[in-house]
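Pasting the structures in now, so scroll down.
You will see two complexes here that share chain A, one where it goes with chain B and one where it goes with chain C.
What follows is the complex of A and B.
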């Protein structure tokens, strides 16, 4: 192999197109090396290295947000780079930075090994970034499995907690099942597309463009329909859509809080990135199948998530089930996106608002939680507004935004999705969504009430220990981050500016 | 026109919000209170300025119009501000009641006064925005901005049953707001104007009106959405409960100003844009308003023993007149409703203020436990009796013109309903005068003697008198010179609303 050949291969593959992902991978390896090289007393600095490194990558990405070479395929069609891909890259990076920050707060309370956590978060983030840009089933599956395997470890990170181990096992089994469904669907599609007797048959059916061309030439093929339904079911596991949401409450409760945040935000967004690419590109000719299928899923998900969340008293389960309902609202946007281009921007705006609000709420949860991470009850929030007005305000802004209360960003997200759904003519789904919003006000408001309103408490005998765990004082990096997240929720509600223009004008 | 070097409408919205932000960022208490005075005074001054400089002969156009881009041009949303003759009276109302509520809150010695003032300021900013918005999206947006603090204030500073009241208010009003949002979005999508600007929507829908069935559904959504927000019977149960529990300034702003959002939406947006839809619903909501709001709620009000709940119920009852006025579908009726909204807003705010001042002296809201307070607090008694007379609709007060105009308009709509509505005046005279008599005249009860012995009641302090005087002066000013509001109002209503009798009304009862 001559150097020229290597150079040619490198040039044709355009490695520079995946520099952010490469950077994250190298940073992840660097953390492991640092753990070996540095003395034990300096190990506390390694998380800082992880966060600062990611910030540098994020800044580089934002500076070069719309490079010249967008809207092109690289690596022989494995990846497709687009503006949406750039948005999702930044999205995953921001999530991972905040998760690392929360990790610093939460892991210290549980005396857990630290460095592997950051290593895994970085690897998973890089895989998600690739996943969001994949244009090929092989790429998609490999990236998805990297994410899932990383999460198997992260979910059961607290080896001493039975709940965490149970959550890990549940996630493993459910994840394996969903991967199997996905894989089976891919195989069916690949097989039917390669059938020589069918028109426009192709050997390249793993590629989304080729698959789409084949599907367009063969409308109403039964095997292809089965394949599509199976692939969508596999993705529905990742986003937690009904009836594939059964793992969510237990896994969310058992996993360490930063991992729950990572699952709730990044994993869900990755699922939606895949779903959008599949429905809008690969399966676009079969809109007659995907629209009713996803529509029914959306309605069921909104109703199930909201009604199930009503009775929860553990906040991790509550936010898990409320996340299910958000998946339903997002699905509504995905369905609308098939016929209305505006809906795509609406879904991305919703995701951004969801990220900002959810991470703010998880930030507060991390500080309110005690050493037993799975035990976070609504009662623990009693008196938060009096003891720590800052955390209470951040919590109220985050929950208000999740509930879709104006003038917060979450309201704008819901409004855009609803307008898009209106334009797409999805009236029954809209009615369900409105019912969902009204139900959700009850439990979000209940949480705010627990933190803000003084309620009568039975007098305890002298010397009874307080059942509420001690709250962690807010250190400045977490304080600044939470403040920024709350502020972003408010500002994006009032003024969307160039961010709104960038996402919605298409 | 205005000669100011800045946009008075934007300043009136931004000033209270900016002060609220400064307080949220941790301003010390002394400066917070000082700044709060400015935060409440600036919108009132801007409102008076716009009133004084409001151009004559404007027609349906908007004065003081400005437009700011907020990054949602893809959806046709931009912050477009302006006042027409319909918006001006309510904008002035928001400024004046806001100032009175703010002044009353500052002297109220509430716990955690800073947060209380901050929430009131957010509410005030939202209220100014509601009536200054030409963009339908921002009209809704500012309403919600003002609504959210109400829930929090009821939950934290509320009286009896505050948790239950806050929850009930939140759920009822969210349902109402969601329904009206759905209706507004539907108008936006169906009009094909691809803009939330009311002027563009009006042009689009005048050029190509929606078909009758669609208009019927959309108007239905808006009537029930707005109806919940305005406490149309039988969707009113949140209101007396909420007002009974709410702290006084929040009740003043909500009952006085914010609740008018729904009626304003019907007059400014729903009826002009969906005239065919409106004709198909008038029978329903005029009937609900007269038999439900005026008669049933009127009798319920008479049975109240709690002074604040009674004021709350009476405000629900008066909304019945406003709905009746809207149902006439005539410029005269709509003009009457706007006048009545302003008058009712001022007088109900005054009643809530005085009810709280009475509570500070008697330590109870129970009418059966009071009596003879006039001997100890003659000024308070004078104010309360005046406010009650205004609320009944005595000539000389703004309320008289509002109700009179509505009755005149309603007479040509339905004689039976008008007769029932007029008899409501007697009901409100009974409960109003009886409350005044119970509180201030007659022998004091033993219970009250015990309380007044422990805390000798002082008469109204100047800090309480000043907000009351502002409200009373406005009531009298409009009562003696209604033309100051009706001239611009007529000019705006004439092109937007069809003349009386121009629309088919054959389905109405009593004809």
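What follows is the complex of A and C.
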């Protein structure tokens, strides 16, 4: 390697391009320092520092949403900065802010060290932002593992609860298994793309652009097909697509509620960001393999998620399985995106609508849940509309949006994805998706019914304690956030405005 | 016998398959965990072999990242297993089924 090459490599390390990630990392370290420096009585203010710091980073990101040097590679091709990357950065930041807010509410019910929770959430968020912009398999693997190892700790965070630890162990085994599959796929692709006897072999086989060029020159290579299938199955674990969804109900139930929200929204979105980059860029020449594979996955995921959710009475398992079906709808969008550029924007809009609605529902769940996070039954929602109309309204808007009821954002998200699928000519998949929507309305409305309509309960003998946990009163920061989320679901349904145009016009 | 790339890849695929089926079939969490590490080792072996025979260094560098990640994963994983054992006095998978609907 000549000095000129080293100089060129050093010049491509533009640290200013990853300022939001650096800011989050520094903020995460600052929290730990504050925990040591500040007296115990002032520890209550550290979460506020985390939330205000993230808000500042979010504002700076939104002000500088389309900087001059967009659509370029930095760090010697490790990262690729794009408009979609900017959207996902903001997406992950919004999620982590809400998760920190919910964490405050949920952790107050536990006797646990609290600051590390915010630290881990920040580190995981920074890693997800890098993951969404990665352009190289080393970057992708390291960022993905940072996210996954962070989630192992977060899922088993309540270490006094056997349920949380059991969920953590299940997530650990499944997560490590999927990482190993992904890694072996990467190794096969690296090996075959560097083979000196094949045409267009490359020394930079881990780089997505170089890999794509190699795959285009070698159609139908068996080892490459194995590698692609392994990488895609590793990613399918992360997004919870059928048949890799087995971990979802147990892990969602056992994890602390804010962590479940983080898993359901940010982890799933990160998986889809990776999947989009891989199918549309790195594996684009092998669309003949990826499209049927993902198409079958999408159909199976939609049907399985919706049918399995029908019988659940635990709301965390219910929302986990409904999240599986949403992964199916998103997969439909990904399949359509291979041939129709409009679908890419539709997938991102769907993700945004899903974020708003899911976080609203999880906000309500955090307030209804008691100290035992795993025990959240549909019965606990009885009389919510009478006791707390605000929470019940937020819940109804969030669930309505997830079900895709017309004036809400979730409906527009589904509509865009379905239009894109129609344009791409995926009629059988579209039919499956519409059946899935119809089934999903049943269980979403069962939940709304539990909150709004009184059901007859067997009369209890005098003095029997109520088995339902006491609801947490809504403090103003959480109240304002939940109100904003519900409002955003309604407004985005009626009027997509410049946000929709920014996403869909490409 | 001349050992070539194919032998390395065959060995690595064999180790990977052993690890994969070990994860699916074994009942003890610690053994499952060893099988997971076996899968990572298999990937590492294939990576080094490819790197040697293709004449590119990326693979060797990637191995360092994999080792680091695997170490972090083991640290967290064993901590979770120990914490769970303290609560439940078992690490057998079939007895860890408290999360059910």
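Quick notes on this one:
As a convention for this text, the second predicted complex is superposed on the first by the 494 of 506 C-alpha atoms of A that agree within 3 Å, B and C clash if a C-alpha of one lies under 4 Å from a C-alpha of the other, contacts with A are read in each partner's own complex, and residues count from 1 in each chain.
Convention: contacts are C-beta pairs under 8 Å (C-beta built on N, C-alpha and C of every residue); 3 or more make two chains touch, one makes a residue touch a chain.
Because the structure is a prediction, the values reported are computed rather than measured.
By the touch criterion stated above, A:152 is placed in contact with chain C alone, chain B being left untouched.
In the superposition on chain A, A:205 makes contact with chain C only, not with chain B. Once the two complexes are overlaid on the shared chain, A:342 sits against chain B while remaining clear of chain C. Once the two complexes are laid over each other on the shared chain, residue contacts for A:312 go to chain C alone; chain B is not touched. In the superposition on chain A, A:247 makes contact with neither chain B nor chain C. Look at A:172: by the touch rule set out above, it reaches chain C but stays clear of chain B. In the superposition on chain A, contact of A:162 is made with chain C only, not with chain B.
Once the two complexes are laid over each other on the shared chain, residue contacts for A:190 go to chain C alone; chain B is not touched. Comparing chain B with chain C, the partner in contact with more residues of chain A is C. Once chain A of one complex is fitted onto chain A of the other, the partner contacts of A:445 are limited to chain B, with no touch recorded for chain C.
For chain A in complex with chain B, the residues that touch the partner chain are 342, 345, 393, 400, 405-407, 411, 415-416, 418-419, 422-423, 430, 434, 437-438, 441-442, 445, 449, 452-455, 494-501, 504-506. Of all the residues in chain A, the ones that touch chain C in their complex are 137-138, 141-142, 145, 148-149, 152-153, 156, 159-163, 165-170, 172-173, 176-177, 179-180, 183-184, 186-188, 190-191, 194-196, 201, 203-206, 249-250, 253-254, 311-314, 317, 374. Against chain A, the residues of chain B that register as touching in their complex are 24, 70-75, 140-141, 144-145, 148, 151-152, 155-156, 162-163, 166-167, 170-171, 174-175, 178-179, 181-182, 185-186, 188-189. The residues of chain C lying in touch with chain A in their complex are 9, 16, 19-20, 23, 29, 32-33, 36, 39-40, 42-43, 46-47, 49-50, 54-56, 58-59, 61-62, 65-66, 69, 72-73, 76-77, 80-81, 83-84, 87-88, 96, 98-99, 101.
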